[in-house]
Amino acid sequence: MSLEHVAVAAMNGLVVGASLALVAAGLALLFGVLGVLNFAQGDFYMLGAYMVWLALGHGQSFWTGVVAAVLAVGIVGGLALMTMLWPLRDRAHALVLLATLALSLIMEQLAANVFGGDAKPIAAPISARVPIGHTDYPVYDLIVVVAAVVILVGGFVFLKYLKYGIWLRAVAQNRRMASVLGVPVSRVYALAFVLSCGLAAVAGSLLAPLTQVYPTVGLDVNLSAFIVVIAGGLGNFRGAAVIALGLGVAESLGSLWIPGVAVQLMVFGLVIALLILRSQRQRVLVRL
Amino acid sequence: MDRVRARAPDVRTLGVVAVVLVFAALFLGPPLYGQYLPQRISDYLIFGLPALAVALIAGHARLLNVGIGATFGVSAYTVAILSHHSVLNPVLLMLGALGAGVLVSILFSIYAVVATGLEYLLLTLLTTAAFASLPLLSISLTGGENGLGVKGAVDISFGLDPLQGNGFYWLLCAVTAFWCGLSWYLLSSRAGRVMVAIGRNPVRAAAMGYSVHAYQVAVTLYSGLIAASAGWLYALAHAFVFQDLLGLADSVNFVLYSLIGGVDTVLGPLLGTAGLRFLGEYLGQQSTQSQLYVGVALLTVVYLLPSGVVGGLRQLWRLRSRFRAASPIGTGEPGPVEVAGAVEMDRLFSAARDE
Amino acid sequence: MLELQDLHAYYGRSHVVQGISLRVGLGEGVGLVGHNGVGKTTTLRSIMGHGPRTQGMIAFEGRDLHSAPVHSRARRGLGFVPDAEAVFPEMTVEENIRAGALLRPRADQQHCLETAYQLFPVLAERRVQLAGTLSGGQQKMLALARGLALQPRLLMVDEPSEGLMPINIDLIAGALGRAVDSGVGVLVVDASFHLLKTVCSRLYVMKRGVITGEHQLTEFATPDQLVATYLKGEA
């Protein structure tokens, strides 16, 4: 196993981890602010990918498609999701989870009906390659990683220093006190939905050239994102992003030596153990 | 265990009579009607039993376990795997399936002891998702993605042929009647009422001296046994097992069947299963759209269905309040009960001082 | 400035506040006393706008608050410091204060911070500490400092002295008293005689959801005299 193999595997892991980080961060954000576990997060990812395909089909550039994905899926999807979940806001977690699960099933079926169930290939906007050792590594993949990192760092800065970001955290930590201090809570809620869906959409659109576009393209990343968010502590934006990147790399490197299935199961096992350990020690703290 | 005489004797007798009639119809009707009706009802019963298991553990005991499907699938796989290793004795196969189901249930019991509420749900969810990949670990043993046939023909099912005659069907009815009867008995017994009380308010039940974990483990194992017996019967009936039996999809279906049928009852889940599966068959060629219908059905249940869902999951809300109360996030406003309680206590207090 | 007329408040079917009327003027300190559970906190929450379903008039500076959402009541100058869970636990002390001040321009935010630190120097010492790790008393002081620093027109405070050491009760009472002197209206629910005497000129006694009396603080020379009013009801 040469260093080159490892480096390439690590890079692949970073690419996977980067998109996972975006999806998981969105999931964590929504849970942190609203206590909503969005089982359809993977399907907003899927819609992002389809937006790119639509844009290309209408003669637009790839990057236009990405922007369209973020805006359309983020805003329309986010607000639609909020409207759908609004009647359930005071009810059990499980109901919200079931509702978003139902939404996921419906979205996948509708996507298959409208677009067809076939996998549509998307050409990467940049086909240049860069040599890593003897391998030529696609530049686009690197761009994906950089873009994801930039978005996530931007997200972190936003949450920490900008007015609406601080308000998001305030609502997540103490909704009542936030409103008493003049924070427009429902506007913050809407923002959380939009950002969460937008993050999933940008991930889906960026990864489209690598995964192709089909109705269930979001399933794997959805489950992994749940694992990441659970492992990082529900509602932990920063933790979710970091763990996702680490997980992507770890799985990729791990499968160099161990068959993929075993790695996945090990990850499941680790997270379950982690959850049990944490359950014993403390409540799951919400932190953005 | 003393029985509850909750209603006037004649109403209760009426209820018992009605149930007896239903089961009589179940035993006798389809075979008389013929035309593959026994086979179709068999399908409803096999899938209805895990739905009942879900209703018991999630509805009555308020433990949101989405892993009943895993128990079901593991038991079915156990029958298949054992049959490939020359175990063809029907009793041994049954015990093997039940034993495997118990093992899986022990895992879920551990979760019940170490976690509550949302974390418990997530643990069961993750585990069930993990189970779906398990067959890939040893393809020679499990057949991997291709699934595994069950060997042994009718010998493994006590000589009853699932495809011919009514013998197998009556076996199914007997098993169903057994679990329904036992469940009714247990639910109306003291142990059953304790279980429901624990489900509603574990803290209060513990304060009253009940061992909450013991009861939770018991109900997990019990519902696991029900699901395991269904898995055993599935393997016998279909002679083939595959990966999807283990994963989340079936688990979600079981939850859906029991939600629609009514989580708070014993017959409800069975009726829900029959109804939904019948609907699926009736919409026949729309099987390609089945996911859409499941989604819509689920949404209907979530938004519109009355106390079955709301009542059964209200405890999760209370658990969440407790979960949040411990963390430094603002809790919801005091509910009417708490406020009224405070006012009430103050009345008592003032009355004493006003002497 | 704040006027309640025949206010009723319900939690579900529980009729907690059963028709109360009170008023608080500019630069006036008013107390609300009574047993636990009579509806004092519910009254404050009704004024702020979250929690109970209300009937009756709540007017602030001449305008009916009736359907205004909580955050717009806050922006009109109504402040509220709850008795517990008033901080953002995963933010530092400084971030907590700033979170409240975000509606104002930068310079004002800085001013708010300084005001808060002047009020309670212990907060300045712990400005980068996570608010959730502060002691209960310190959290109350943080919440109060933030509430005052935001310069509301009327500040409602729920049980500020509860669980605090006497020396800190002094600090809080002093801070609230100075606020009243500078023209802020203060409506405070509390049981500490010293605090009430320092801050308030008038108080209402509440019993079982209704107001049973209105008194001047000058009527009471000792704590027992005050307690007597809400133990026995009206003489």
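Just so it is clear, A, B and C label the chains in written order, and each chain counts residues from 1 on its own.
Just so it is clear, a residue touches a chain if its C-beta (ideal position, glycine included) is under 8 Å from a C-beta of that chain, and two chains touch if they have at least 3 such contacts.
Note that this is a predicted model, so its numbers are computed, not measured.
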- Remaining connected clusters, assuming chain B were absent and nothing shifted: one piece
- Name the chain pair with more contacting C-beta pairs, choosing from A-C and A-B. A-B
- Note: chain C sits from chain B at a C-alpha centroid distance in Å of 51
- Message: Roughly how far is chain A from chain C, centre to centre by C-alpha average, rounded to an integer in Å?
- Response: 42
- When the C-alpha atoms of chain A and chain B are each averaged to a single point, how far apart are the two points in Å? 32
- Got the chain B residues that touch at least 2 other chains? 327-330
- Residues of chain C touching at least two other chains: 50, 85, 87, 89-90
- Query: When you check chain A against every other chain, which residues touch at least two of them?
  - Reply: 173-174, 176-177, 285-286
- chain A partner contacts - residues on chain B that touch it in the complex: 64, 110-111, 114-119, 121-123, 125-127, 129-130, 133-134, 136-137, 252, 255, 289, 291-292, 294-296, 298-299, 301-303, 309-310, 313-314, 316-317, 320, 323, 326-330, 332
- Task: Enumerate the contact residues on chain A facing chain C in the complex.
- Result: 163, 166-167, 169-170, 173-174, 176-185, 285-288
- Item | Of all residues in chain C, those that touch chain A in their complex | 48, 50, 69-71, 74-75, 79-80, 82, 85-91, 95, 98-100, 102-103, 143, 146, 150
- chain B contact footprint on chain A (complex, rising order): 35, 87-88, 90-95, 97-99, 101-106, 108-110, 113, 172-177, 223, 226-227, 230, 234, 261-262, 264-265, 268-269, 271-272, 275-276, 279-280, 283-286
